[in-house]
Amino acid sequence: MTTTNQQIQHYLTKNEDKARLLVSCPDKPGIVSSISTFLYEHGANIVESNQFTTDHEEGTFFLRIVFASENMKSKEETMKADFYALADQFEMTWRMTFLHELKRTAIFVSKELHCLRELLYEWESGDLVTDIPLVISNHESAREIVESFGIPFYYIPANKEIREEVEEKQLDLLEEYNIDLIILARYMQILTPKFVDSHPSKIINIHHSFLPAFIGANPHKRAYKRGVKLIGATSHYVTDDLDEGPIIEQDVIRVDHRNSVNDLKKKGRLIERSVLNRAVKWALEDRVIVHKNKTIVL
Amino acid sequence: MTTTNQQIQHYLTKNEDKARLLVSCPDKPGIVSSISTFLYEHGANIVESNQFTTDHEEGTFFLRIVFASENMKSKEETMKADFYALADQFEMTWRMTFLHELKRTAIFVSKELHCLRELLYEWESGDLVTDIPLVISNHESAREIVESFGIPFYYIPANKEIREEVEEKQLDLLEEYNIDLIILARYMQILTPKFVDSHPSKIINIHHSFLPAFIGANPHKRAYKRGVKLIGATSHYVTDDLDEGPIIEQDVIRVDHRNSVNDLKKKGRLIERSVLNRAVKWALEDRVIVHKNKTIVL
Amino acid sequence: MTTTNQQIQHYLTKNEDKARLLVSCPDKPGIVSSISTFLYEHGANIVESNQFTTDHEEGTFFLRIVFASENMKSKEETMKADFYALADQFEMTWRMTFLHELKRTAIFVSKELHCLRELLYEWESGDLVTDIPLVISNHESAREIVESFGIPFYYIPANKEIREEVEEKQLDLLEEYNIDLIILARYMQILTPKFVDSHPSKIINIHHSFLPAFIGANPHKRAYKRGVKLIGATSHYVTDDLDEGPIIEQDVIRVDHRNSVNDLKKKGRLIERSVLNRAVKWALEDRVIVHKNKTIVL
Amino acid sequence: MTTTNQQIQHYLTKNEDKARLLVSCPDKPGIVSSISTFLYEHGANIVESNQFTTDHEEGTFFLRIVFASENMKSKEETMKADFYALADQFEMTWRMTFLHELKRTAIFVSKELHCLRELLYEWESGDLVTDIPLVISNHESAREIVESFGIPFYYIPANKEIREEVEEKQLDLLEEYNIDLIILARYMQILTPKFVDSHPSKIINIHHSFLPAFIGANPHKRAYKRGVKLIGATSHYVTDDLDEGPIIEQDVIRVDHRNSVNDLKKKGRLIERSVLNRAVKWALEDRVIVHKNKTIVL
């Protein structure tokens, strides 16, 4: 279906000679020198580079490099193979992604469509560079807009009682479509540990509050009761603990005494849309690193 | 001491013919009509007016009116006396304040002076219209700046064990100086219910987190651990429940993985200063109404 | 077409007994008293009230009151007729709008659809309370989404040379459809004084810069060149002077050296959407008053 | 005087083994590799690194590296000497600064002290790492606070007529005190091209508007007239064109119809303080690079 997304086709053409290297390892002298020399020797030029070293006695070093090389596709296998030695030397955890390949992202949605719509329009405009092979929902309301984008829509009704059954169908689809990233775009069903653990740091959720305030259901009702002057939304990776996973991005919007619970929900939706989109974009750009239940966004 | 604050003197002269009326009562037809007619008949013109009706079946009506009249001082007693009948008719809770009289505000501070400084400079510039008859602290560090403004400084060392003894001294001073409003400008001692209950909705605190997140001590440490992307500060009226009182104002500032706990404290201080100042300014302008453990700021 | 907009139907039902009174006149004692007494005597209760007096020697007074009365529809004519005397007495400029009647809003759009989409979705959700009888465009790209909402779409190609001819067609349509408000949702054709003057304070534009910076075409190119760290969008009433009309709302978003001109356009679009929506919503709620080429938003 | 600034002493001790390298040159493969290898071979470890390549056909490459090495002081001369060859090879413009040495910053101020105060307090808290050998003013109002920090204060009255005479005295002082950076903290005298050209990219000004809007005098008056909904402040390097120099940082604050020109000035001051502080802090941390009359802040 992405072949119908002209903007992304255009992006792929423009970036087919680019790749990204993500590295984390114990900090020590010589890492940047070795990696940049490695790239130079393989005929690659650094386009963008961001790093961070955590501030402990034995710090952890994180690096995200974007590099370019003529005929990158032909060098792909060699570069990956050659990098192993360097990675071993520095005990690196690493991955190389090549920009001519698209990640495959599945979206889950329930009744509220505002986040889904925002994602689809940003995807259509080429801002979210990914394949969206399918959208899964426990309601029918999203079918029309999803299919208008030429994306397969799967309606799988769900509730607490049949949770495992539902997830089995979902997991089968995710495997069949070879999904890299799952976005819960106001998908309101709670996922079991089994589901979550099969996709570590691969499920991005948007929670309709400013975490860690108002974890769980009906955050706006509780925000209203508490009389806060700002409400928010938080995008995070899903873990086994509800709403406790590493936060990727958050934002707030001002409210006051004139706002009813419904007004809070309405204002909240504006923030949920932009926060989820930023988090997804950064994840697709390989900018988000998880470390100690927090994120480093390079 | 305020006679040395020229800006406030100037304000008093400019506003000596003004007064404020604060009203709350069960909503019903005729309130605004009766009050505005009352003012008109007493030769007063409405300068500013803000109202709010809560959205329940039997709504509560809140009103803040600023009005002006030539020779207001001479009318003061009559207006107050005459208003009682109207107030009874509508079962109003009300008060009239006259702008030629200054509120008397005491500030409590501990070691960190950033909030105190901000208050004093804003007071000096005439932005906070009040007398500041004294500052109380459990440390000596604030003495120099407080006395440089010609304000009496009282050093009363405090700790958990001697809490009641300390508060007795403080309460005596507050009574002696006839204090209307108490500001805890990063005053780190917890007040007993006895103290709090003697000043309902009269003690404004600044808590160094975005409530209800990170209630209690060391919020920055916990914010750091949680990996939030925004930290904040909250100004609220103190109640018997620590950090649970009605929120007057809040704000946030962006942080990221590069910020240590110390950085969070530093950034937080910027927000604490402005949030506390806004809350105090609104309270001094009689804009803050407490209702169901929340605030309506008119 | 609005009969298909269930949210708005719901709103109309809920608010059919409400009305709004907008007033401006020279400030003097007795205005609020007279108006509120007038409402009381006509069996109306004040639901919401906001006023402002400009700070000159002969100040101008502005008021927006929302009031409710059982069987408002039956009282409509009487209330309007009776108000004339009061209005004369105070030399008021005024209007009364009744919430059971919808305003009729036309949208103009060119190639970029992001603002139009945002308006349509907010309208669909009931947040923008209005009829949208038609959308006019000089491109075909908006046809699909507009017609998907059941709204008539008129394609009228335009360019500098045939401006008057084009506007004649447009003006005919606006008259035929009895339009109250015109929104230029990134409509890129410049309107002639003839068009503008026929709709004073009735044409809301969204300009893709933070006015008064970067008036005219290609603001992002110039913002990029200047190296600003924030770009913005401004919603304003159209006057004969390009981008000089009264500003209704503005907002900004942060940018930096990594952002190309295209990135600025992309970020700008996020802000254009929300700024235009807020301005339109306030205008539909009769909150926007024009005074001395500025706006007072009550 | 900095020997009395304990926070900065503490910083110096903690960072005496650190240094910064700033580089700009035509982009080509091998730059990062060469530099990082150079550092590695000189026994230095990279602590922080940020780079940016401009997006033209012949891009310009910018790099800011913070590196650490035991006994940095003893290596200083060698490192600088050895780097020349590498710099030549890549046609680099570069500089190495060593963190045990403080920059020497002079502050100019006129009547309004809010920016100066903010700078002094942030300096006192260790947040602005620099010597402040002197403050120059054309008024006496700042003397008290400047001298309370143990900093020499020079009162040099100024006006348009005696501009050259005044600047001669100022330039003599700046040379005598060996000043690296000049901050105009609401210094209201316009500097001549002679003065400006003697300190290219070394004079940081805070302009009390959101540039490029309201260049020149009385911006708040004009902002008020235009009816903007946000006002701002801009920190920039001074060039020969008034308020046209490269922007380092900007920010805005919301205003509305209730705000008089004085209110705008008051709100503006809050923003001027924080914007100037951020710009100065980044400049002191060697994060600000000037390129094509814009800044890249790494």
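Note that the chains are named A, B, C and D in the order they appear, and that numbering of residues resets to 1 at the start of each chain.
Criterion: a contact is a pair of C-beta atoms (placed from the backbone, for glycine too) under 8 Å apart; a residue touches a chain by one contact, two chains touch by 3 or more.
By chain, with names taken from UniProt: A, B, C, D = Formyltetrahydrofolate deformylase.
Small disclaimer: the values here were computed from a predicted structure and weren't measured.
**Q** Spelling it out: a chain qualifies if it touches chain B and also touches chain C; which chains qualify?
**A** Chains in contact with chain B as well as chain C: A, D.
**Q** Which chains make contact with chain A and with chain B at once?
**A** The shared contacts of chain A and chain B, listed by label, come to C, D.
**Q** With contacts counted as defined, which of the two, A-D or B-D, has more C-beta pairs across the interface?
**A** Looking at A-D and B-D side by side, A-D shows more C-beta contacts.
**Q** With centres defined as the mean of C-alpha atoms, identify the chain lying farthest from chain D.
**A** The chain lying farthest from chain D is C.
**Q** Please report how many Å separate the Cα centroid of chain C from that of chain D, as a whole number.
**A** Here chain C and chain D have centroids separated by 43 Å.
**Q** In whole angstrom, what separates the CA-based centres of chain B and chain D?
**A** 37
**Q** Which residues does chain C have that touch at least 2 chains other than itself?
**A** Residues: none.
**Q** How about chain D: which of its residues touch chain B in the complex?
**A** Residue list for chain D touching chain B: 114, 117, 121, 125, 127, 266, 270, 274.
**Q** Could you please specify the touching residues of chain D with respect to chain A in the complex?
**A** Against chain A, the touching part of chain D is residues 27-33, 36-37, 39-40, 43-51, 53.
**Q** Under the definition above, what is the set of chain D residues touching chain C in their complex?
**A** Of all residues in chain D, those touching chain C are 52, 55, 210-214, 225-230, 232, 246-247, 249-252, 256-258, 260, 292-297.
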